[in-house]
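Order of writing sets the labels: A, B, C and D. Residues in every chain begin at 1.
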Amino acid sequence: MRFINFINKLDKRWIYLVLALCIIIPFLFPIGFPMKTTAPVKSIYDFIEDSIPEGGVVLIGADYDPSTMAELHPMAKVIATHALSNNLRVLFVTLYPQGAGMAQDVIENVLREWNNSNPDNQKELGKDITLLAYVPGVSAVVLKMGEDIIETFNEDGYGNKLSDLEVMKEIKNYNDIDLMVELAGSAVVLTWLIYANGRYGLNVGIGTTAVSAAEYYSYLQSKQAIGMLGGLKGAAEYENLLSKKGVYWGRKDATVGMDAQSSAHIFFIILIVLGNIAYFVSKKQKGGR
Amino acid sequence: MALSSNFWIWIAAILTLAIYSFLYKDNPFYKFAEYLLVGISIGYGISVYWHNTIITKVFNPLVYDKNFLVLIPLLLGLLMFSRFFKNVAYLSRIPIAFVVGAGTGLSVPSSFEFLFKQVYATMPTKLDIGIIIIVIGVISTLIYFFFSLEHKGFVGRVSRVGITFIMVAFGAAFGYTIMARVSLFIGRIQFLLSDWLGIIK
Amino acid sequence: MLKGKGIPVFITFIVGTIMIFSFFIPHKPFGDLEKISLNWYSIIAGFTMLLGVDSLIGMHYRKITRRTGNWGYSIVLIAGFTGTVVIGIIETIRLGTAFNEASYFTYIYNYFIVPLQSTMFSLLAFFIASAAYRAFRARNFDATLLLITAIIVMLGRVPLGEQISPNLPKFTEWIMQVPQMAAKRGIGLGISLGALGVSIRILLGIERSYLS
Amino acid sequence: MKKIFFFILSISLFILIFSQEKPILTFLGEDTPDSIVKNFTIDASDIPNDGGGGIELKWDSPEILKDWFISIIRIDEDGKRVLLTTDIPILSKQVRDVNSEEEPDRVIDSKGYNYWGILSKKFITEELLQILLDTFDFKEGLYSFNDDTFFVLSKTQMVYSKASWFNFLRLAVLISLIIISLTFLYYLNLAKKGKDLYIRKINGLDAVEEAVGRSTEMGKPIMYILGIGYVTDIPTIAGLTILGRVAKKVAEYETKILVPSYDPVVMTTAQEVVKEAFTEAGRPDLYNKNDIMYITQDQFGYAAGVDGMMMREKPGAIFLQGLFFAESLILAETGHSIGAIQISGTTETAQLPFFVAACDYTLIGEEMMAASVYLQKEPMMLGSIAAEDFLKVIIMSILVLGFLLSFLGSGLKIEFFKNLFDILYQALQV
């Protein structure tokens, strides 16, 4: 009964404190709530795992900016890491100027994590991974890549000539790209689906924000896209798959974020349930009197 | 990674904590942050206004383009100052009348467009249970907003259904928003733990 | 005559009617009226901003001179205000524009305004919790419905919901797309009708309290 | 003249070829290998229903050209060349030549323009573009430049852009505007004639008196928050109207009303509204201009300032009436924590759930707009409410009709009703 009284007169500040802890603790001590892997995420993972031979090429489109970075940045990291772990080559491409900074950050991060953890299989910029220079034109760029990728960009994002780079060896056009994963919170995803997939038959996977994910389900059903990572949750599922495989060493940003979200949501539900129990108990008491 | 040595990061972090202290209770730290935010944001607002309005919308058109049309809002704006003088204070009604007239005039067509769009979107292009529920929901909600009929009998019963729909909608919207709000706090925590304290990276 | 509300009401009527008709007339000058009027509004509002600053700074100045209330904090407010404006002027002279990457004015924005704003905004995470705790009690049928849908949607948004039933996230989307959408549309239709009602009352001069 | 020019151009090109290894532009002949390319034409026409200054270009996209790009150059009556676009896929099928007022090269009404299309399989280089814009003598045919071939296509007919006096796309809106205006006038007339019109109970508004009374008893001020709208926003105007009624009650109870404002125009208007209400109540002496103050035009700065004011002034009743966004719950929760009675109202549907959760009474959407009518109950105002209700009946009828037609047409597969439904559906699209 003391407890019921406590709940009934609960000071808001206790709620604030617990909520803050629910969100902060996962950052310091990641929990890793169990989560099921959804089919669209699994199909991208399986594609990289099983369908691309060693030395194959994965193209990652980084068309996002700081505003959607929280959701899309972890996706870029996991996909790049996964590709490297299977000894695939990774090319980043961006159709918008803001994307270049994002992609460079991912490349730097992934290479550092990888090389720290795999001293006997070092990866190099320009040999295993690079960023294609930003070229204006959006859909025209996507189309032109279907003809000749090196001619489209000439340089990589660091000013090196693409034709000199080992990572570009034997890459002419989309026929030499095994998978493209476009990460964006905007409609630029459609550009890749319509032009690169529609006209050149490139395998396209989508990584997008939780808000936009609903729009793209129909493209999954029509098999225009091979799979999709939707929001923090999609990224977290992928991180889980990678750590199960044992090839992910970096901070699991998406998993941590999702942990914080989960624990906050669970706390909300517990709070509401407790509030109602206290409400009914005290109502009964009043009724009994 | 360690504690930030950047002076500006420290300022941002301290101000962040000062605002959070409000959750415990009103206190000098919060008061400081609050008054500072109000003061700085007005100062910033005035500067932005000077840059975006006085220079780009009044000075440049007047001096370079010889566009004397901007004299009209200039005059109307000056009339607002009639408030400082009691005997001509009524003159400030003219700019307000102008502004309100333009606002309402613009809102009429946009209300129409909104109306059409909503009805258009509700039209049952295909028949399934969802569409039927939507049509029932829209109609009963509209009945709830009936003002010239007493909510008794049939109207009363339908408007009850309307309230039920409204409540479900509010509950759903509330639950759906939590994630976005928690993300805001996560953003600040990331700033504090990573940029400032350097505990996580 | 000018002192009454007659002339202002007439001005409102004329300006409003022209605005409505310009919606249908793309030809100059009507087609540009919306843009022009928004432009004018920002100019007029700019002048009134000075009235606002006068009101706020005046109030705090009085507090300081009379040493009333939290006058100490009023100094912070006025210092923040003048500091920002002065730095804005200095940087404009130094760099040509205050909105330069290297300008201290930009620093003020990035390291004072942004963290303060976003932290204020993030208080919502806490307030939404206390509001939910208090309001979501099964007092009656409606309240129960409110709280049940809220809980279902909350569960459907996180992995836990999927663990309970794989259909929960889909059901959540359905709630958002069907009943939620229906009520939102109904409310929206009511609002646009209400807005039309207010607009017509204003244009015809039936409602004129804004001209007090 | 043109021939001479072309001759000189050819000679100079010839010289260029031999003098240095510069890229060469050569004319390969009027014959083009693909007859389809020959038949490819661009249609240019004025964009209808606009304010002028816009021309639309359209073309077909034959299968054989699906990998090609098109660049378009505009040449006006005086021969001035402007680049409209480069290297857009043929697939896109159209492009619009529309520019903002500030653009010096925009399309000007009643000036004639030709457009030339350049078809290429690869991107046009900067060098070639310069040549096309500066010296190139436009002539239909096949050309080569640096080993790449491209086509220059026949120009379009001379087009003029013109502004329209009526936007026919908005005809449906105009018709319904007329119908709705007539409805309003009919009901206003009815009210004028003295017909008794009813308005249903609005819970939140009956509580105004109670809220002000209780707050006065406790010796606390009233706080009225108009949100972050401008005077041009209808909800803000509705909020100002309710403010007038509340202020009158406040004057009658001889207490104090605080109105922290976001927009200075709203602040000055609110000052006048309160002043007039106090005068009407016979207590102009109680009016204090400084109680209606400006905070800041920054969403969260405003929220911070109002929160602080709530904590220090501890109002007994708080009204939140107007346009609110994310700050709604920040204000309402703080208001609740100081134990004030809260009556809220807004038209922002996204914020309504939070107001409902945190406040004692909430005016939902239209209820808030009808509040001024409810509080005044003048016949003309009631007339406008009756008109709104009549329009609701029309909307509901359209929805029911649509549903029936859809049931008969798509459900029972009766073609006639299906057509009727399509007509109705088309009519509603604006």
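In this text, contacts are C-beta pairs under 8 Å (C-beta built on N, C-alpha and C of every residue); 3 or more make two chains touch, one makes a residue touch a chain.
Not measured: the values here are computed from a predicted model.
Annotation: C-D is the more contact-rich of the chain pairs A-D and C-D, by number of C-beta pairs in contact.
With centres defined as mean CA coordinates, chain C is found 33 Å away from chain A.
Put simply, the C-alpha centre of chain B and that of chain D have 16 angstrom between them. Contacts with at least two other chains are made by residues 20, 23, 41, 44, 48-53, 56, 70, 113, 116-118, 120-121, 123-126, 128, 130, 132, 134, 136, 147, 150-151, 154, 157-158, 184, 187-190, 193, 195-196, 198-200, 202, 210-211 of chain C. Of all residues in chain B, those touching 2 or more other chains are 19, 22-23, 31, 33-35, 37-38, 41-42, 44-45, 80, 83, 96, 99-100, 102-104, 106-109, 112, 115, 119, 122, 135, 138-139, 142, 145, 166, 169-171, 173-174, 177-179, 182, 185, 187, listed in ascending order. The multi-chain contact residues of chain D, meaning those touching 2 or more other chains, are 173, 177, 230-232, 234, 237, 265, 268-269, 295-298, 300-301, 304, 312, 349, 352, 354, 356-357, 364-366, 370, 385, 388, 392, 395. In terms of which chains touch, the assembly is arranged so that all chains touch all other chains.
Only residues 172-173, 176-177, 197-200, 230-234, 237, 265, 268-269, 295-298, 300-301, 304-305, 307-308, 311-312, 349-350, 352-354, 356-357, 364-367, 370, 373, 382, 385-386, 388-389, 392, 395-396, 398-400, 402-403, 406-407, 410-411, 424-425, 428-430 of chain D touch chain B when the two sit together in their complex.
Contacts from chain D toward chain C in the complex involve residues 49-52, 101, 163-167, 170, 173-174, 177, 180-181, 184, 188, 230-232, 234, 237-238, 240-241, 244, 261, 263-265, 267-269, 272-273, 275-277, 290, 293-301, 303-304, 312, 326, 329-330, 332-334, 336, 347, 349, 352, 354, 356-358, 364-366, 368-370, 372, 378, 380-381, 384-385, 387-388, 391-392, 395.
Against chain A, the residues of chain C that register as touching in their complex are 125-126, 129-130, 132-134, 136-139, 147, 150-151, 154-155, 157-160, 162-163, 166, 173. Per the touch definition, chain B reaches chain C in the complex via residues 8-9, 11-13, 15-16, 19-20, 22-23, 31-47, 49-54, 57-58, 69-70, 72-74, 76-78, 80-81, 83, 90-91, 93-109, 111-112, 114-115, 118-119, 121-122, 130, 133-142, 144-145, 162-179, 181-182, 184-185, 187-188, 191. Chain contact summary for the complex, chain B toward chain A: residues 23-24, 178-179, 182-183, 185-187, 189-190, 193, 199-201.
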